[in-house]
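One structure, as structure tokens, below. Some questions next.
First chain written, first letter: the chains are A, B, C and D, and each begins at residue 1.
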Amino acid sequence: MLEVQVSGSLRTAVSGAASIKVEAATIRELMNYLIAHYPAMQSRIDEGVAVSINGNIFRDNWSETIPEDAEVFLMPRLAGG
Amino acid sequence: MSGVHVSTTVNGDAVEFVCPPGETLLDVLRNRLGLIGAKEGCGTGDCGACSVTVDDQLVCSCLVLGAEVEGRAVGTVEGLSTNGELHPLQQQFIDNAALQCGICTPGFLVAAKALLDHNPSPSEEEIRYALAGNLCRCTGYDKIVRAVGSAAKDLAKEAKKSSKKKAK
Amino acid sequence: MYHHRAFEVQLDEGSSLRYEAPTTTKEAAKLLAKEKGAAYLLAGGTDLLVRMKGDFIEPDLVVDIKRIASTQTIQKTATGFTVGASVPCVQVGRDKALGKAWPGVVEAAKLIGSDQVQGRCTMAGNMCNASPAADSVPALVAARAKAVVVGPNGKRSVPVEKMATGPGATTLKKGELVEAIKLPKQDSKSGDAYLRFTPRTEMDIAVCSAAVNLTLGAGGVVKKARIALGAVAPTVVIVPAAAKAIVGSKLDDTALEKLAKACEAACNPIDDKRGTAEFRTEVAGVLARRAAKIAYQRAGGK
Amino acid sequence: MAEAFDTSYTDQEFKVIGSRERRPDGLDKVTGRARYGADATAPGQLVGLILRSPHAHAKIKKIDTSKAEKLPGVKAVLTSADLPDLTNGNRGNFDILENCMARDRALYDGHAVAAVAAIDMETAKQALKLIKVTYKKLPHVTDVDEAMKDGAPIVHPHIKAADDQSKSTNLVNASTFGHGDTEAGFEQADFIVEESFKTEQTHQGYIEPHACLATVGADGQGELWVTTQGHFTFRSVCADLLGMDIAKLKVTSSEIGGGFGGKTHVWIEPVALALSRKTNLPVKMTMTRDEVFRATGPTASTSMDIKIGATKDGRITAATAHIRYQDGAFPGIWGMLGAMTAFACYDLENVQAVGYDVLVNRPKVAAYRAPSAPMAAFGVESCMDLMAEKVGMTPVDFRLKNAAKEGTKASYGPTYGPIGIGATLEAVKNHPHMRARLGKNQGRGMACGFWFNFGGQTCVDLNISTDGTVNLTVGTVDVGGARASMGMIAAEELGIPYEDIKVTVGDTNSLGHNDTTEGSRGTFSSGMATIFAARNAVEELRARAAQTWDIPLEDVGWEDGQAMPLGVKHNNLHPLSLKEIAKASPRTGGPIAGHNEVVADGAGVSFASHICDVEVDPETGSTKILRYTVVQDAGKAINPDYVEGQMQGAAAQGIGWALNEEYIYGADGRLENPGFLDYRIPVCSDLPMIDTQILEIPNPNHPYGIRGVGETSIVPPLAAIASAVSNAVGVRMTHTPMSPPRILKAVNEAKT
């Protein structure tokens, strides 16, 4: 089981939890798991989310694999100037 | 109503055009003569992107009516380089990375040339005040001021050379 | 598919605007007098074109006075200087004799806008635009300058302080135009100075300003003074009390303090996007004090 | 596929990278040939203009366009009725649609309510005057704190309070980041600093107004020439809003006259396309400066409360921030970004930052260079100085003691890899600027800044001509000299001269999707894709050499732009140059190309520290910047000239923000200074030279170690200047801009 930290406004979509346990080996599996277990995540994922794996932020590459003991953060997608 | 018929010169070439009495020189240059070097950044004389010269006097072409230039001599950035050779200001702007987005660059070049025509060796402060009518949002002006300073030196060297030639 | 050159030469059928460039003031006055619609004078155009661009005004007639010979020159006369109404401020700034006699007036003229604007803007236009923040006006008023007004019934002379009646409004009657501004001969042992406050070093409108013109008597004592403030009231403010405060003094700190207080008392400014009334009042006093010192030095005071 | 390449940093020797090559767009830009948004024209083009609301908030009861439609020369009049809602539930897209053209209500002064297309400018202007809009004025709110109060006018009734679905609210979001126990942390503190701050709204202030030329044919296929930071994003957004097929809308990005985030959003483009679709004629739209200020871009104004606790020896025990961002009339993520960045420079055990997004009757807030970070840093860095004073340390030493480092758990969650904050602080500490003497009424300040870098979808094409010159087509808009950097990277990889490479920003028909140039991603992402595309081409070049020599591929190496036969058994063979291989290519298998699509993830983070000296006139409150120094980590500076340019330009924007730039709204809710005369961006004579020092702490997730450099240096200036001014006048400034009236008022209040 992965421990996924949920950041900021996304927590409302996982009934307020700061972190959740997830069964996933890639970002894609993580997303599928979230949609399956937290329907409210669907729209948030459509709006855009980013995943930080051991400090590296991934916005789009859902094929990225997630190591077993990785530090994983789920955060809203960022915008910049 | 009828348009105003205007005969003038632009960068030394005789030009004739007809424009509405209320049309600015900037719109005439861009929309009637196809000279797009002068840019409209504000239309109120506050940014200098439309800088040109009229009878060697630096002006904002957005604050001049096309009708006013009858019989005058208009100079634009397109007239800065002569037969394919860049003006030292143009070369130094490239060499000093004095431009980023470049929208303000034509205005700066025209204004800087007007400065150097009157003051061949300006101090940094003189350059900064002379160019205060030209807004740049990309560079922080640092490299622009350096480029103008270097161009002044280049022009001085050229002047020396040509005066030596004359002496011989 | 994108062409470098725009080829369409469509004319604005809608607009009824006409452009005239007469060569005498008489003609100009006639054009203005007989115009039924909205007629505007064009000298430098640095205010007029901005107002046209913003659709604040829709002129039916624009009369360009730059082709009128009598408006084009700066003349040194026995009684002082005559600055033509279409003389751009850049030319005022380069006139050595004028700069020597009236350095305050000249530096005020040079402060209007950027080099680009300097190439176009005129002192007469600055005066007739009647903005409370006009840079050249306080200096002209302190210098006791007069405007030469030409109209259908001939010429008249108007003290500069009598020209504006409020923001954007002047005493010019229909058919009248300003041909030139006359500056008197500066007295000996005299000096003038103008200072304005702007948030930026350039490209700004005066938040408030002060002009001082003074004459020294024996021993560097101020004999005569005239002080005018800008942007602190609907029109330029002459402050006799401030003059009184320094006349008879060698501009010691108490005199200067009195002058500053008198100026603050004379202010009647507004809060707006350019500054608060409070700020304008306080800084007007500061500028008057600083301008007085400069004028004093120029007059030969130590 | 991207996976085929290893993106991790290798400490390779460079021949081209790091030199100061000239930008390829320079010549066009100094001769006036460069073509920007407003520099394109098409045969028979119409002029499009937009009618904008004069009210801050009003119900649109009726729009009568009949008179305008009858005016000779008017070809189309458009209202929201011509832009039906095709967003099927995508609220973000609907907000964009409503911002482009008001529907039942005008939400801010300058909100578009109708548009016309006519044969020329004069006719179009007249037509606007003939459109009669019947408004019913509604109460408005423009201040962020006012908007949060009970009973404040509501901008969007459909947005309900998180805790009470029956109650409408302007508070659209509260984002919390942090870790540890701040309450406990504050209890361990010997000193507490608690202060509130305000920042006014500023605009990106690009000199080029938004402009575009739209053409839609009767077949529904379209073209859009536009000044944008992201033509692929503009394409998909416009296609979505207008119900067009993405592939049938060709978007070409013109030269861009400055964007700074403001050109990552669509404004007039969908309207221009809709007008063109109505007329099947080209429609050109160019915003006036007044429109740019009233209806595009600005960044958020903010109001915030910062609290920091520290021990006597200068260790921070806890820190909290509550920052309220004014998003304008539509929800954004600005509060979230502020909360994420506020404390990112520091290594904190107990930290909590909350960012609030608040709606008001002002234009929709857009990204502006490191969006949200400068305001947060203004508050936090000012408090860092206040605390340094309390604990008796210099501002630099106090920051160094608490600086984040590799392995620090960032205040926004993740654990940092190698980062540059400590190095920039050391550089500042040792900089001669810090030892220069100060005179009367002068003060010095320093501050730090953090910003993310993004990666994202990227795609480049590299084609080798038969003479050995190379076309490199990239899809990220060049906003700061990227074409030079991309050419240098391709030259480095292929081993040929920079001059032999022609770099083009391709239109949307010529490449796969590229994300917008935002988040300092251009050089990082396209740089990565260019490296891989070039290496991809080198593979092919080696294969052609192998074929020519008739030896196995693994016996062919690549060095200095030549295929080298490897091993003694081939020492009879002479190296083949890229030029030779290219010349022979028609007979060795045809054109030689390299290609790469990548999701350039794993972008680093970026830090900067600034030093500023000012002199304040105590009688007028006027501030002069005497000296300014920028130290920033660039990861790897591909072209130092353009990296310095980014650092200097960002600092200058920060200086304007700190001293004079602000949106001024009247009681009527209308913007009072929509022009460059009264919206005061710094002019040349306002600034000194801006010294720069580039540090290079490689990003481990990029082959060259590149980090984004574009944005970070706009973050420290507000705080650096605030501290400098405060040190000069002896009063802590807590409200930007620190305009002369604000400074004089503070000084006078301190006297009494």
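Keep this in mind: contacts are C-beta pairs under 8 Å (C-beta built on N, C-alpha and C of every residue); 3 or more make two chains touch, one makes a residue touch a chain.
Predicted model only: the values in this text are computed from it and were never measured.
The set of chains touching subunit C and also touching subunit D is given as B.
Centre-to-centre, using mean CA coordinates, subunit B is 30 Å away from subunit D.
For the pair subunit A and subunit D, the distance between mean C-alpha positions equals 25 Å.
In terms of their C-alpha centroids, the spacing between subunit A and subunit B amounts to 54 Å. In terms of their C-alpha centroids, the spacing between subunit B and subunit C amounts to 28 Å.
Within subunit B, residues 20, 30-31, 36, 43-44, 46, 129, 132-134 each touch two or more of the remaining chains.
Shown for subunit D are the residues in touch with two or more other chains, namely 35, 41, 122, 204, 259-260, 676-677, 682-685. Among the residues of subunit C, those in touch with two or more other chains are 4-6, 12-13, 15, 54, 201-203.
This structure has the following touching chain pairs: A-D, B-C, B-D, C-D. The part of subunit B that touches subunit C in the complex is made up of residues 1-4, 17-24, 30-32, 34, 36, 43-46, 48, 51, 54, 57-60, 62-65, 67-68, 70, 111, 114-115, 129-130, 132-134. Chain contact summary for the complex, subunit B toward subunit D: residues 20, 30-31, 35-44, 46-47, 49, 76-78, 80-81, 86, 90, 93-95, 97, 99-106, 109, 124-125, 127-129, 131-145.
Contacts from subunit D toward subunit B in the complex involve residues 20, 22-23, 25-36, 38-39, 41, 122, 204-209, 255-260, 286, 288-289, 479-481, 641-642, 644-645, 648-649, 651-653, 675-677, 681-685, 687, 689-690. Contact residues of subunit C toward subunit B in the complex are 4-6, 9, 11-13, 15-19, 21, 42, 45-46, 49-50, 52-54, 59, 62, 64, 66, 88, 90, 113-117, 119-120, 201-203. Listed in rising order, the residues of subunit C touching subunit D in the complex are 1-8, 10, 12-15, 54-55, 197, 199-205, 207, 272-276, 278-279, 282-283, 286.
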